[in-house]
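Shared between the two complexes below is chain A, which pairs with chain B and chain C, respectively.
For the complex of A and B:
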């Protein structure tokens, strides 16, 4: 196992590394492989292959971005929530998402990047966020469908990440998964209230599930045979299960839940397969997935421009905070540049930031 | 409840991620206080979603639109300093609101600190932020007199409350290198108009958005 990982890693090492470093690099590599094989955690000060670092930065950043962009479709309903209790729940959820974004940017920063740099990549489209947030929330029931299906898919994806080989990411996921499970139950409960409510409310719930089901299945990323980074991520124990395995697990969980909700799932091919011990389900429209990922989904433009606008309109506030800090800290000026994002040391992560694969659609909390 | 709604409009729009958390946190505290208060009088959702604009008794200050971040902070500073003083007095008394106020006083101490810290940063930050903060402080000044109009059923020394409020606000503004606004503090109609259901124009629009879903499904539960 260690040999395979070493082999994979050797290929992703940047060319042009000084020859003299070869021996010590090989030794570090052996120690790293042994740690991964023994299920030990890799920590920020440990040596790690460049490819491992770059993959983690990309994945954690995209995960963080998904939390931030993911606030929008739900925040869309905060001012229209139909009861004060639901409004409080929704506000708390959106607040949690901002908090998750903060944990995740911190985890990414342990790998030698900065939040400003990552946000800059999000705003310029060089890093992605989960494709699911490019779908609109058209009715109140969508808030429930997002909780039940989108957060449900996220949890299925993320629970294994609690055992991810990179310590800071794994620990962030433990905290995030607890809160996500809570959100998912609230989403389910919201849909249940609608499903058992008036005929109009029931119809609203069914319509939302019809619209969110397939996009939720796409959150697990492309099929295994089209997922280029999967094998490497699994060898590094960043990922623990394949996209298709997780997708199947999610379908198996959702079918009985849909039944107890009194709602149907919009798939005529969905049926129990006794032989496999799993539910069979119909084909996913991957052309839609790739279109959304390319930026052509219903809300891509809207989500990104709103995020950019919030950032740009907030610039004067961040500048004020930096100027105040410079005036009132004895350390003197010099830390200001962190705030306006002009520092941006564009090192190794830059090239990797553009290397977006299908899994971008998969990570979300 | 009205101020909580306004703060909820910031979700996804805040200048930094930490403010997404902070503004939502304050909004949630205020919503929690509102729910307790409304439940003391009747059904919280009926009171929130089925009253017309003229039946709302909130201060005109809290219904003012968010504007830029400075306007939101000025509104919050004026209100939180007031609320903190008010709750402190109520918590010390033995009236029906003492228990609620005792809980709220801790929350409003945090809100107040948050607004004060930002007033200092914006006022004593850059030239741009200084000007924006001054403009916001000036623009909302007229709505601050209303907070000290006696409210029936509340046994409060309103004059002392107002004196303490003015002292504290003046102190924060001065430390933020801002000047204390001049001009009347009587509100859009007259001091106390909000308490009589006389509101400013943006409020009706806010209610339309807030109530439409609830009103579209009469009798439904959520």
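For the complex of A and C:
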């Protein structure tokens, strides 16, 4: 997704070098504003305001981390899927989540951050992931509820992001949205099978929906009047609709879908409002949202420590692959085998480090 | 942080015979062979391709956005390169 030609990093300003720094910044700002106003896309090597870059890195990184952490609650059920069919589907879905994480990391890297830096910030808690993944998957029905509600909320959020003003992010979202549709439908089908099954299975499906409904509504973020970044992100066309607007859209979509499932949504205030043309719904417990965000959700600790452990335990694989690559590239045209494999590995790592940081690419261009 | 990032590769996918390879995205991999395998897993999970190219990102030379105007300028004043530039009498066929 990420890149157009050469992983274009755009730390440096264009080199046209007008007379004074102030003049040139103002000029670049005008070009940027005009592009955004005309609904054109901003591409990696274009000049962009520092705040725009920082906002995108924060948002895309959080999005990427959510995909990667989101593999855990569902992977929890792979070994216990009730049939080979369901197991194959679930494995494909979890693999997709990994893929989505990778598309998004690539998009973030076009803004001048590196993969290592992003992972490091996830592991040290300096960048967040969606708080929805700090809830546990207690039963098999949770796999269905996540597909229907969590992926459903994600799609509602993500479809407008396909028109985001930043090109690489928008392109990643197009690909992701195509794939998310399978995620949502498999979840819905899974819940339907349970809902139409034995009374115990029906009960299990209802219980999962009861637990996932409110956290799914919180996925859209705080109400508009309390959302820190919303107004600026809308002005930059990173975001196209407000949190409350998207939340309402999601509720309106879900009510009839729940009816078709034969399940209810756990909100006594949920009812059609003829005048507004929307469903009214009850107040959201934002104190729970802020608690989970602060790290006090049921699974925060577990998710991060498992993520860190997976990274550490995979280190030998990364090192072996790098050593193998070094051995086969440092020997020159004759491909002589490198007796001192370790030195080779270091050489390769250094050379590669430079490329990845985009310095070489920037200089060349 | 334990390692330095693996090099970056650009991935080009031919979606079916008869079409050219198109840029699909990028990925990190230690060498070309693993870049190909990772590209298959990342960009063709649903039969999106019949052929993949991977190219080290560092091997790509790109035009720079700030030279956009002079770099592409020679094409702007040559409308006679387009067939619609020419006036042909009505009724003339196969032209």
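One rule holds in what follows: the second predicted complex is superposed on the first by the 309 of 365 C-alpha atoms of A that agree within 3 Å, B and C clash if a C-alpha of one lies under 4 Å from a C-alpha of the other, contacts with A are read in each partner's own complex, and residues count from 1 in each chain.
Here is the rule we go by: a contact is a pair of C-beta atoms (placed from the backbone, for glycine too) under 8 Å apart; a residue touches a chain by one contact, two chains touch by 3 or more.
Please read these numbers as outputs of a predicted model, since none were measured by experiment.
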(message) Once chain A of both complexes is superposed, is A:99 in touch with chain B (first), chain C (second), both, or neither?
(response) both
(request) Could you look at A:262 and tell me whether it touches chain B, chain C, both or neither (first, second, both, neither)? (result) neither
(request) With the two complexes superposed on chain A, say which partner A:87 touches: chain B (first), chain C (second), both, or neither. (result) first
(message) Quick one: is A:324 in contact with chain B, with chain C, with both, or with neither? Answer first, second, both or neither.
(response) both
(message) Just checking: does A:136 make contact with chain B only, chain C only, both, or neither of them? Give me first, second, both or neither.
(response) neither
(message) Going by the contact rule set out at the top, does A:45 touch chain B (first), chain C (second), both, or neither?
(response) second
(request) Once the structures are superposed on A, label A:116 by its partner contacts, choosing first (chain B), second (chain C), both or neither. (result) second
(request) Could you give the residue numbers on chain A that contact chain B in one complex and chain C in the other? (result) 92, 95, 99, 102, 115, 311, 315, 318-319, 321-322, 324, 328
(request) Can you check the complex and tell me which residues of chain A touch chain B? (result) 68, 71-72, 75, 78-88, 91-92, 94-95, 98-99, 101-102, 105, 115, 140, 190, 193-194, 197-198, 200-201, 306, 309-311, 313-324, 327-328
(request) Write out the stretch or stretches of chain B touching chain A in their complex. (result) 1, 5, 8-9, 11-21, 24-25, 27-28, 31-32, 34-35, 38, 44-45, 48-49, 68-69, 120-122, 124-126, 128-129, 132, 209-210, 212-214, 217, 219-222
(request) Could you pull out which chain A residues touch chain C in their complex? (result) 1-8, 14-16, 43, 45-46, 92, 95-96, 99, 102-103, 106, 109, 114-117, 119-120, 171-172, 175, 179, 311-312, 315, 318-319, 321-322, 324-325, 328-329, 348-350, 352-353, 355-356, 360-361, 364-365
(message) Under the definition above, what is the set of chain C residues touching chain A in their complex?
(response) 1-8, 10, 23-28, 30-31, 34, 41-42, 45-46, 56-58, 60-66
